[in-house]
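I have a structure here, written as structure tokens, and I will follow up with some questions on it.
When the chains are written out, they are named A, B and C in that same order, and each has its own residue count from 1.
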Amino acid sequence: MELTTPTGASILVNLADDFIHGFAKMKVKRIGYGAGQSDMDFPNVLKLYLGEASGRRFNHDEITLLETNIDTATGETMGYLFEQLFEEGALDVVLVPCIMKKNRPGHILKVMCNQADVEQLTALIMEETGTLGVRVMPHAHRLTLSRRIVEKKVVVGDREFKVRFKVAFDSAGVIAFERAEFEDLRRISKKTGLSLRKVREELKS
Amino acid sequence: MELTTPTGASILVNLADDFIHGFAKMKVKRIGYGAGQSDMDFPNVLKLYLGEASGRRFNHDEITLLETNIDTATGETMGYLFEQLFEEGALDVVLVPCIMKKNRPGHILKVMCNQADVEQLTALIMEETGTLGVRVMPHAHRLTLSRRIVEKKVVVGDREFKVRFKVAFDSAGVIAFERAEFEDLRRISKKTGLSLRKVREELKS
Amino acid sequence: MELTTPTGASILVNLADDFIHGFAKMKVKRIGYGAGQSDMDFPNVLKLYLGEASGRRFNHDEITLLETNIDTATGETMGYLFEQLFEEGALDVVLVPCIMKKNRPGHILKVMCNQADVEQLTALIMEETGTLGVRVMPHAHRLTLSRRIVEKKVVVGDREFKVRFKVAFDSAGVIAFERAEFEDLRRISKKTGLSLRKVREELKS
């Protein structure tokens, strides 16, 4: 049995931006019912919820994930490849130790990148490591927070420093958290002789 | 050259539930041939196999896989996040140690969940770890066995215990294996003072 | 506003084999402009680039990736499963150590295979390890180099050996690299008593 008319289907398709499984995370504001004319085995009623989305509003983008299993390169080569991948446009790179066939210790190389860089990064991986195949995982959707950098003056020991804070906020402008930039804490640690741990503690107090 | 007529294509599309690459795993029962009228460079023959599927009949469902690389949280935080993710509806959570940029030891957090929970779990991960992006891997198809719990009486040492067994069976009702519930073995180990290993051995004998 | 006519769209769809985000990796040979008749808020100009693809020309194929998290099998069982998976047609298998719920050390088993083998390999994994679900990652696209085996005579110590080299070349026939087959180096190491490291060095000189 069809549970919608062509008109109903066409309204849905044209008005809805997205469909989800399950119930949306929202604060329900209003509820409406409409009764149909056909007699069915179950109540012939359409229920509509109008609500305000609760929770974070994320940014959405798409990235590509490259993966390959490597047992044909030394640690030296892998470390150098890491650097080169970032230079050639990789967004992030991680190495995961793993066990491969014939008792071989190996690594899974995972590279996050834009689609336009797939072929160039793949060529680089192959030429440096001698691997013959790279998997291109279909465009992973990514939920992100926006970030802006805010500079603050802080006192560590008896000296004043400028520290950049990464402020993460969602697409509704709500701040999720802020985090001092690592490179600035590192600089303060070097200049004051205090441990990184100590510098972090001073910032919080 | 087109190798099917519109009628042939429409029969296929309407009668077939699924298409696979390669040859289906089945016991072939009958084979039929039909010859076409056109003269081609190769035998113009259509071959049909009728068979019974062999092997396990799995249940199929879809889950979503969240992934993010984390180097901004302590072990304490990660352990606590683990608990929280399960409380908020995660189906499974694993942490994979990895090497990140700038020689940083990190972890890939992998969360299996239903699509309806993606945004809430993502918000939790971001707020606890300070990561700015979470990858949402496109709906992984999942093959599963069904399970039912069967309670049996077993003798361990000189005492009788009730032990639940997880019985795994496929969609044709064929039992694949059964496995004593860990929590029950744990309870017997505590009560008898025997090691978990010893308890397992007693159960098998 | 629509930025193409039906004719324009249909030319694109029929002539293009593929669409990419971003700009193609190529050496631009010629550039052409065409001006449209409508007056718009921006220059109504179509720009075409004709170029030669630069960089490697990869082969493309599709593989399927199976994944499951396992904490219900011993190391012995996992090692044996490894062997069996290759015998049943797996293209590659890796084991990634991970941390699972309740402080359990576990492994993520990743199996690369052809789609036709998914159900059989899944059944094998379930029966050996007692896991109840296996994720089937949607057909990962794979970029590969072709390979051919070339046999060369090499002198190691004062003896001559035949060594097979795997020569990797792209779809334009350009050689990317060559690599001595591990099993041949292993054989020479055994026969000469030299370390594998030493054998490799002799080959390079």
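Quick note on the criterion: contacts are C-beta pairs under 8 Å (C-beta built on N, C-alpha and C of every residue); 3 or more make two chains touch, one makes a residue touch a chain.
Here the structure is a predicted model, which is why all the values come from computation and not from measurement.
Under half of the residue numbers at the interface between copies chain A and chain B are found on both sides, making the touching surfaces mostly different. Note: Cα superposition of chain B onto chain C, rotation of 120 degrees, nearest 5. Chain B has its Cα centroid 24 Å from the Cα centroid of chain A. Taken residue by residue, chain C touches two or more other chains at 96-97, 137-138, whereas all remaining positions touch fewer.
Of all residues in chain B, only 67, 69, 72, 96-101, 106, 108, 114-120, 122-123, 126-127, 130, 132-138 touch chain A in the complex they form.
Residue ranges of chain A in contact with chain B, taken from their complex: 20-23, 25, 55-56, 58, 63, 65, 82, 86, 92-97, 110, 112, 137-145, 147, 166, 168, 176-177, 179.
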